[in-house]
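Scrolling down, you'll hit the structures one after another.
Consider the two complexes below, in which chain A is the common component and chain B and chain C are the respective partners.
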Partner chain A sequence: MASAVSQQPAGLWSRLVAQAAVVAAFPLAGLFLLHAGVVVTVAATLLLVAAAAIPGIRTRVSATGRALLARSSSFWAACLLGAALVPLVMGTNGYWLFVLSIAMVFAVMAIGINIQLGEIGVINLGYAGLFAIAAYTSALLSLAGWPVWAGALAATFLCWLVGALLGLCSIRTSGDYFALVTLGFGLITHQLIVNLGWLTNGSNGITNISPISLFGHTTKNPIDLPFLSLPPEANGYFLCLLILAGAVLVARRFRNAWVGRMWATVRQDSFGAACFGLNVPMFRLKTIALASAFAGPSGVLFAHLIGFISPDDFTMLQSIEVLAMVILGGMGNIAGVLVGAIILYVAPEKLRFLGDYRLLIYGLMLVVILVYRPKGIIPDPRRIFDRA
Partner chain B sequence: MAQERLLEISALTKSFGGVHALNSVDLSLASGETLGIIGPNGSGKTTLFNVITGLVRADAGTARWNGEKADLLRLPAWQVFQLGLARTFQNIRLTLGETVLDNVSLGRHLQVCTPWWAVLARPGETWRRDRRGREEALEALRFVAPHLAERPDRLVGELSYADRRRVELARAMAAKPRLLLLDEPTAGMNPRETDEIGDDIRKIAAGGMAILVIEHKMKFVASLASRIAVLNFGRKIAEGSYETVRGDPQVIASYLGRKGDHLNKTSHRKEK
Partner chain C sequence: MDLIVQQLVNAVALCAIYALVAMGISLFFGVIGVVNLAHGDIGTVGVFAALAVLHLVPIDPGGGLSTVLGAGVALACGVAASAVAGVLVYVLALRPLASAPAIIGLLSSVGVGFVVREAIVNFYPNGRNPQSFPSLIPPTVYEVGGVFIDLTHVVLVVVAVTLVVALAYIVEQTRFGRATRSILNNREVALSLGVPVTRVTAAIFALGSGLAGIAALMSALYYNVVQSDMGMLLTVKGFTAAVIGGLGNIYGALLGAILVGLIEAATAGFIPDGSAYRDVAVFATLIAVLILRPRGLLGRAGAERV
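Entry: the complex of A and B
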């Protein structure tokens, strides 16, 4: 049965049903977030663990997943549609919409980190530094009177540029040294933000960052249409969804073109790539710069949606958390990375009923997932011959 | 020197610490010629290839390519490839999780790659080029290994060792180089597979491509190359036709062994 799903091209009807299921899954997950109490949450968690642990269920689930991902364009369209429906089931409650918005901000970052870690295999421990540069650039420019979109472009360009410089620093070194270079970069950025008080207001942070507005409608206004009214947080949610969709589109476009194939080649064997005409150092540099640019939009959204940024938001722990999202979700697989980012950001919020045990359970969850799925929740199919 | 010299290497030297991997080696190759390179393990054969293709920097020496002024030894690997040299590796270097065709397509990289902005802004153009590159890669695959070309979407990791070598050969052929460097193309292959690869290489040579081939199997080299160079401890100790080289006392002492020397088995194995 499981193999039949993965090997035979499914008929039109079963495809439609599968796509409808994908669409429906998103509002259902929204309802789960909104209404599930302690009992339901624990039961759902146990069910997921069981699904991961029992081989029969596991193979069936992953075969279905593969079949869905095989027609990836329509799969992604279904995901977008489903995600757009989530605010409709949330009613007037904006809390979860806001949590999901910030989760999507981190998902954009995770897509960027995935290009470094998942595609060419370099570890970036200072991605929070890039995130900070974007957030502060955008916040300061908007305080200086720039429109947000212009600040966002400037921030993204700056991240791209700084990423290229980081790549340049490590062009003569191999993968592991890049981790050290970026570790230093992250720490330096954090210290600079704390100490350049005249610019960044030091450890007090920047408050009253303007919300994002479009034709006079800001992200602080509720959406009031004749047939629909949504809480103010829905604005940020749709905006983040749009940016995330754009990030997925860009990442997928590169991955499905020659660049993506070359990423896989360079990661496994840069000598082989060099012997077939690839300027490997230059290619690495461009890849690192591209990946760094994803910090731009995420930093901008973060600053303007929360309205307050301080150095505490951009510590090394933040970098590691985003790395964890990529590793847990499935290095090299965009769908996996998104799942990892959403789960890792949303789960601690849903587990608040555990009080002080929250982080303990959270850590345990990470360990259990990686024991059962060492290559991530949705592994990259290109890695089946890699050692786990 | 009636023929045009394609590659002219002189006084090539490379040391790793105290080990002289290559010690003042001279080699030259005419276009369309096949030259065999033999020698015991550790005699510098693979280092020779790595130095020529720019993976390893030479300490001294020059390599002239096709009468051009540029010294091959000063160029990085990706520029060497652009001049028209493609190689295979002794320890197969393929991307295992990708399909056969994806791997072979790497050989068409220069024709396929577009600027990064075009990947984003002009996906149609990028896709068309990719498509063309794949068709050309498939052609090369059909030429080298028709049975693999029937299912080009198989993952390389699923293939047998011999088939992986064929994919590597097809990848180098897809680049349509002027000089093909083959590093032990039959390592780990059984006699039948060895013969098949031999036929492939002869077919390639008949098409006018120059070939440098490293091999251990003497008979096999003799069947391919009109000229053979023998390396030992980084020095070229003999060069010439198979008969000349086989009779050379230095070669016999260092590589072939004499009947009755040591165990007969050893010499038989190497004669294969």
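Entry: the complex of A and C
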């Protein structure tokens, strides 16, 4: 991918060092999660704030980031390799692996939302409804005896279909009003799950959802190889990593093809796109359906990894939290969206030492970051010419 | 027949509460183009401020001048707290984002909602649990032709109607209202014609948030129970009402609120086991209205915003 900001071609050695640094960053972050106490956490947070606030450091950091993203295929490969190394440093402690797996589930969802919000500027406040549909479909089908992969396919297809129906509404309504339609959709889904007790077991939720298994090895068994032994949560971690990599690949392929250029055009000037012969409503409908399909795999993973789902997991706040991941990370930029998702999901876990003040600090952080960095932590380089 | 009328009477009080919230949301959207999802939580601030004052004032059930006076002072403090909180939210969390896309303002208001709810949970004594709100209105019930009418309902409706008329007068007839309407119409032109846009917007936030405070207090008097997240329900219902009517139009918000209240009462009253499906009916109506009239019932058909 050619970045909007061209860089001096760097030497082979410095590139290799940079890639190695990216790979090494992941296990280091893992060690941070595992071992950092209150003091280190606070110090690291202050360091990050300083990096964002002091202009000299900020330009340095963002130039390095741009240089890395300029060769984005190798950058992504380095990220994947680094992320795959994380379980090795965790030892027998499965807790953070589990937290990271669920964070990746949310990252898959955030990539889906990013296609709607970041690429074509459609606000979806009911994404948790799609997430719920996927989780419940997969859970109910697996309880009915279906294999997980078949349930996952059915769930993803259903999400795509419901997304297309939502997209139909976008033909008539636009902007904030479409956001309301999706808000209504999310709330209706939630209410129906609560009320249709014969199907969903109401607000008690569904328990004992079977773990995912492959050749008799389920996600509840520890990995025991001659040279390696990992806690059971590592299965879920690798599975989520695989699905996330797939989601990033799909999103990037679309973004770099003509579809991505059309997304940018529709976002910036849909009249212009229509004048050049694009069927804008149909295009928008297909985009919304595609973005909704990402809720499928994430819902399936969520249901089967946790093994218990209830309506409380799929409220409006959930939708908004995923939106916040996209916006804080940097709308339109896949790397930014992933960073936002991981930070927003993992930070509250790491902030547990704050006790009851956790959510208060979380809300404050949200407002402060938005006010000081409204384009996100890693803004999309393609949008430097976008109108606000 | 009596049953139907009784349901309608019960619905009217809900309509009154929703109307006050919806008009505030609609006004805010009109002047800054941002949906304020912390609106109901700002109302909650007022309720808890009033509750705190009420604990200081001795309330005896017999009534008497000091009780009436104390209750009045408490309610006024609540409304004032809401108004101040609203202005603070505008200045600290929404105005700095004026040039950013509207969704970012919306998200910022979500953060504000978090802060308000969690602040009440953590800093108000026993804020984690629902608290009882004293019933300041005597529990008198009138019977009119077989229909029972609670005095609380009468008071709520009278207050709401008075406020709606007053708001309509302010917006239509005063100098401040003219400035408001000019900002609603076109912010840039209003600015270039010398309207002190920031000051007027802050004043609108004070006004709208005060209304939210009154609505939340009315809801507290209606249910006699308050809790830290009571504002969320008000936000969602008021927002729905504002959208059904057409965002940016206070009469639309009024119409939407009446519709939402009636639909809720009708679903609960006429469909067997229907009270569980109240919200489903309301949001299904919302989606239907938006598909048939994409800018709400009284919304202006403008050029599509890109």
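The rule is simple: the second predicted complex is superposed on the first by the 376 of 388 C-alpha atoms of A that agree within 3 Å, B and C clash if a C-alpha of one lies under 4 Å from a C-alpha of the other, contacts with A are read in each partner's own complex, and residues count from 1 in each chain.
Assume a contact is a pair of C-beta atoms (placed from the backbone, for glycine too) under 8 Å apart; a residue touches a chain by one contact, two chains touch by 3 or more.
Source: prediction; values computed, not measured.
Novice: Give one word, clash or fit, describing how chain B and chain C relate on chain A after superposing.
Specialist: fit
Novice: Using the superposition on chain A described above, determine whether A:Y177 touches chain B (first), chain C (second), both, or neither.
Specialist: second
Novice: In the overlaid three-chain picture, which partner chain does A:V280 touch, first (chain B) or second (chain C), both, or neither?
Specialist: The first partner, chain B, only.
Novice: Which of the two partners, first being chain B and second being chain C, lies in contact with A:L225: first, second, both, or neither?
Specialist: The answer is neither, since A:L225 touches no partner chain.
Novice: In the overlay, answer first, second, both or neither for which of chain B and chain C A:V39 touches.
Specialist: neither
Novice: So, A:A144: does it touch chain B (first), chain C (second), both, or neither?
Specialist: After superposition on chain A, A:A144 lies in contact with neither partner.
Novice: Figure out whether A:F271 sits in contact with chain B (first) or chain C (second), or with both, or with neither.
Specialist: Once the two structures are laid over each other on A, A:F271 reaches both partners.
Novice: For A:I123, select first, second, both or neither according to whether it touches chain B, chain C, the two together, or no partner.
Specialist: After superposing on A, A:I123 lies in contact with chain C but is clear of chain B.
Novice: What's your read, chain B or chain C touching more residues of chain A?
Specialist: It is C that touches the greater number of chain A residues.
Novice: Would you sort A:L370 into first (chain B), second (chain C), both or neither based on which partner it touches?
Specialist: In the superposition, A:L370 contacts chain C only.
Novice: Put chain A at the vertex: what angle do the Cα centres of chain B and chain C make there, to the nearest 10 degrees?
Specialist: 80
Novice: Enter the shortest inter-chain Cα distance between chain B and chain C once the structures share a common frame, rounded to whole Å.
Specialist: Superposed model gives a least chain B-chain C C-alpha distance of 11 Å.
Novice: Could you give the residue numbers on chain A that contact chain B in one complex and chain C in the other?
Specialist: 268-269, 271
Novice: Within their complex, state which residues of chain C touch chain A.
Specialist: 29, 35, 37, 92-93, 96-97, 99-104, 106-108, 110-115, 117-119, 121-122, 236, 239-240, 243, 247, 276-277, 279-280, 283-284, 286-287, 290-291, 294-296, 304-306
Novice: Enumerate the contact residues on chain A facing chain B in the complex.
Specialist: Of all residues in chain A, those touching chain B are 250, 253-254, 257-259, 261-262, 264-265, 268-269, 271-280, 286, 290, 380-386.
Novice: Using the touch rule from the top, collect the residues of chain A that touch chain C in their complex.
Specialist: Contacts found on chain A: 117, 121, 123, 169, 172-181, 183-185, 187-188, 191-192, 194-195, 268-271, 316, 320, 323-324, 327, 356-357, 359-360, 362-367, 370-371, 374-375, 388.
Novice: Quick one: in the complex, what on chain B touches chain A?
Specialist: Counting only chain B, the residues touching chain A are 53-55, 76-78, 80-82, 86-87, 89, 93-98, 102, 105-107, 109-110, 112-114, 116, 119-120, 123, 126-127, 129-130, 133, 155, 157, 171, 175.
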